[in-house]
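Structures follow.
Both complexes shown next keep subunit A, but they swap its partner, so subunit B is in the first and subunit C is in the second.
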Partner chain A sequence: MTNLSLADLAGYLRQLGEGALITLELFFASFALAFVLGVLIGVATLARSRVIRAAWRVYASIFMGVPSLLVIFLIFYGGSAMLAAVLGEFGARIDISPFGAGVAALGIVYSAYVAELVRGAIENLPKGQFEGARALAIPPFIMWGRVILPQVMRLALPGLVNVWSFMLKETPLVSLAGLQDLVAATKIAAGATKEPFIFFVATALVFIAFSAASLWLANRLEVRLDRGQRRAPVRSPAQAEA
Partner chain B sequence: MIPRPHAAEPAAEPAILLAQVVKRYGAHRALAGVDLQVRRGEKLVICGPSGSGKSTLIRCINALERHDAGRIVVNGIALTNDEGTVQDIRQEVGMVFQHFNLFPHLTALENCMLAPRLNRGLSKAQAEKLALAHLERVHLADQARKYPARLSGGQQQRVAIARALCMEPRILLFDEPTSALDPEMVKEVLGVIEELAASGVTMICVTHEMGFARRVADRCVFMDRGEIVEEGDAARFFEAPESERLRHFLAQILR
Partner chain C sequence: MNALPIDLALAWESLPALFDGLMVTVFLTALPLIIGLALAFPICFARMSARRALALPAEIFVVFFRGAPLLILLYLVYYGLGQIEALRNGPFWIVFGSPFGCAIVALSLNHAAYMVEVLRGSLLAVPHGIVEASEALGITRRNIFLWVRMPLALRYGLKAYQNEVVSFVKGTAIVSVVTITDLMAVANSIFEQTYDPFTPILCAAAFYWAFVNLIRVGFTVWGRWLSRHSAEDAVVAIPGRQGLGGVVVEAKVTP
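Up next, the complex of A and B:
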């Protein structure tokens, strides 16, 4: 049925494995960047300053409106020139790798979505949570870290899981800037062996497996963040008497 | 008569002093130049119709609302825009809210431990001991490990009181502490507040619980439209109100 030797297959599978590792590294790095940047931006946009709000609107409309692929190309092909302009003559010429461009581009694009989620969740928190913390003289930095953000994470979790899934599916775009990720390796193997079906389906299964693992993890996390949220069971009069 | 020894100087100074305090929301004046002095150890009850400025008044004392004009002095500290001063005042002033404002992701015990650990530099063990002592004081030591959602409204409000006590404040502010409670839980919360009142802490309570006011208050203040209309000791306040506005208000709430 297939004229693929076992030795060849093993070789291609090894390449696919290496590609998968790069895809995962890219994904985790860009999600971490999107998360940190998004939380900071989300908190900052609540400031009453008009300048900050205007800046946020520009940021959101650019990165939610422009295709991710364009942002990747912009950073990959234009990033060196931009950095050189910012750093001036003093900065050595910095070449941007496909991996770096991918992390920066996906991180920045999805930070806008994370910021939107965080901002919405903060606005949905009762004002009393802030007042309770302020009345106890809890310093602002600790109020955010210990009181507000843990609750925000619980509210934003379903949205963050969506961002997580979308980002994973967008990672192959970076292969168009030359990154040898899972999809790039699959394409090479499929072309060389003339067995596109086997390799593309195998790669699809890898994405599905990772996605399933993510959902399982998200459920665990939800249970953990939900602690303390269950209402007290209603006691029947008989129990109350006892 | 034996001459009294000189009282320690700070005792003469009021716990809280408000002079011509004004708070505006746009064109609306929530506080229209309020003067009020609260002695150390005094129990003050503030009542008045909704929108009369009574909550705004006590929220200005710990700077949850910033006043626009006038002077506020708390335990000798003049309230300014300086963040350090604000924090100093909040260390002296505990507050209990209508809607409890407990942190839902922390247990009763953790709610009580958070601020003392940060502000008073207590170790975890010290903070836990302190928190348990104050939870005991509100009769909830056995519920310490529960999350707020597992407690009844009355229990939650008592945890909130314990949380405020853990800062060992010299002044306690209560902003309608029983208004959000089911009727059968009002008594347990008022009971705890009455026990605290006996401890000598300075207390301002915004409430419409007139029975409580009669039992606990040294002085009652009636506010309407951002002003203090009438004040007096509890007995005279209820039995012989002077102003038409207070008579009208009492007729409304006592029915």
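Up next, the complex of A and C:
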């Protein structure tokens, strides 16, 4: 049935492995960017200023309303011109690689989703957390870093896991901008060996396995972050009386 | 470089082509949505069945077609299935031999897998007591499903359904890889002719944005119509394609 020799297979496996490494790098870099940007945007847009809120609505609406592929192409084709406009002469000389375009595009698109999650989680935190931190004269930087955000992460974790697994499934799109990732390597191997079925199924299974492994880890993390929440809520005496 | 990165003359000129592309995108959204939903019901019933022989294949279907990236599914259908001799000579080659057929098959299978989970989550969210009460009233199982469970499940799952449809629309942007000239492909070809990276892609973005938000508005109106009798709307977390948009947060514990 198959006309693959073992030597061929070993050769392609090496290529696929290299491609998989690039896909992983792309994924981790994009997720890190989306996470950091998302948390910063989420915290910044909680300000009461009307202008900031309006800017957030526009940002979220745009990046949740257009396909990631379109943003990847926009940055890949137009990135140099954009950098030139922002940085002037120096920016014009920067060449946008498919990898850079992919990280920037996925990072920007998913930062909107992360910011939405972070905003929702912060708004669901009891006000007392902020008031308590202020009453104890904890400086704002430490309040966010040590009091608010750890609790936000616990609340936002299920949503972040969603973003994680959805973003993983969008990383192959960057291969359309010319990145030699796992999917591009699979396409080459499939074309050269005339065995597309096996190669594409195998690649799909790699994605599924990675996603399953990370979901398992996320569940462990969730249990760990929830370890302080397991007890039944304690009724304070004052409320019990009332 | 002028202040506006958009060449208005080019934008105006390419509007008809972009609109044709949008129509292809709309078609490639509508048909898989219908086929996917039709597939999702029987698979969902199999998935929820107590019989392992039914539940297991359905579960494998969901894991595979939800877990595999859409681009790879599309490649698999377009390049991979042509390898199978029986299929190439069979009557279904009309479907699998054309890029459109392949795109519709891949998109439908992907959508079906997501919809199985949306449906299952929505059906499980219906309080069991209501079903038991209906049974006690002697309503037939079919009628309970049609008139008690489904209407409630629809209301619980509407948000998840909306998220799924919206991300599905955005997912269709990849069909240009199998030579279909959808909205994204039209924008790309205008870029290749003019080397203007902003005008065609930003115009396409505007079209996508309008389409997606039209869907959002449609769902909002639908949701309001569905819950026109109730003052407060119940929010239940359904495992859809995304908690994206619908934020999953724990209810506050009130002592």
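Convention: the second predicted complex is superposed on the first by the 228 of 242 C-alpha atoms of A that agree within 3 Å, B and C clash if a C-alpha of one lies under 4 Å from a C-alpha of the other, contacts with A are read in each partner's own complex, and residues count from 1 in each chain.
As a working rule, a residue touches a chain if its C-beta (ideal position, glycine included) is under 8 Å from a C-beta of that chain, and two chains touch if they have at least 3 such contacts.
Small disclaimer: the values here were computed from a predicted structure and weren't measured.
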Simultaneous placement of subunit C and subunit B on subunit A, clash or fit: fit
Which superposed partner A:P158 touches (first subunit B, second subunit C, both, neither): second
First, second, both or neither for A:R146, with subunit B first and subunit C second: first
Included angle at subunit A between vectors to subunit C and subunit B, based on C-alpha centres and rounded to the nearest 10 degrees: 110
First (subunit B), second (subunit C), both or neither touched by A:G228: first
Partner chain in contact with A:P126 - subunit B first, subunit C second, else both or neither: both
Contacts of A:L136 with subunit B and subunit C, given as first, second, both or neither: first
Superposition-derived comparison: subunit B or subunit C, residues of subunit A touched: C
Nearest-approach distance, in Å, of subunit C Cα atoms to those of subunit B in the combined model: 8
Subunit A positions touched by subunit B in one structure and by subunit C in the second: 126
Subunit B to subunit A touching residues, read off their complex: 62, 64, 87, 90-91, 93-95, 97, 99-107, 114-115, 118-119, 147-152, 163-164, 167
Subunit A - residues contacting subunit C, complex: 61-62, 64-70, 73-74, 77-78, 81, 84-85, 113, 116-117, 120-121, 124, 126, 155-156, 158-159, 162-163, 166, 168-173, 175-176, 183, 186-187, 190-191, 194-197, 200-201, 203-205, 207-208, 211-212, 233-236, 239
Subunit B-touching residues of subunit A, taken from the complex the two chains share: 126, 128-129, 131-139, 142, 146-147, 150-151, 154, 225, 227-232
Of all residues in subunit C, those that touch subunit A in their complex: 1, 5, 63-64, 67-73, 75-76, 79-84, 166-167, 170-174, 177, 184, 187-188, 191, 197-198, 201-202, 204-205, 208-209, 212-213, 237, 241-245, 247-250, 252-253, 255
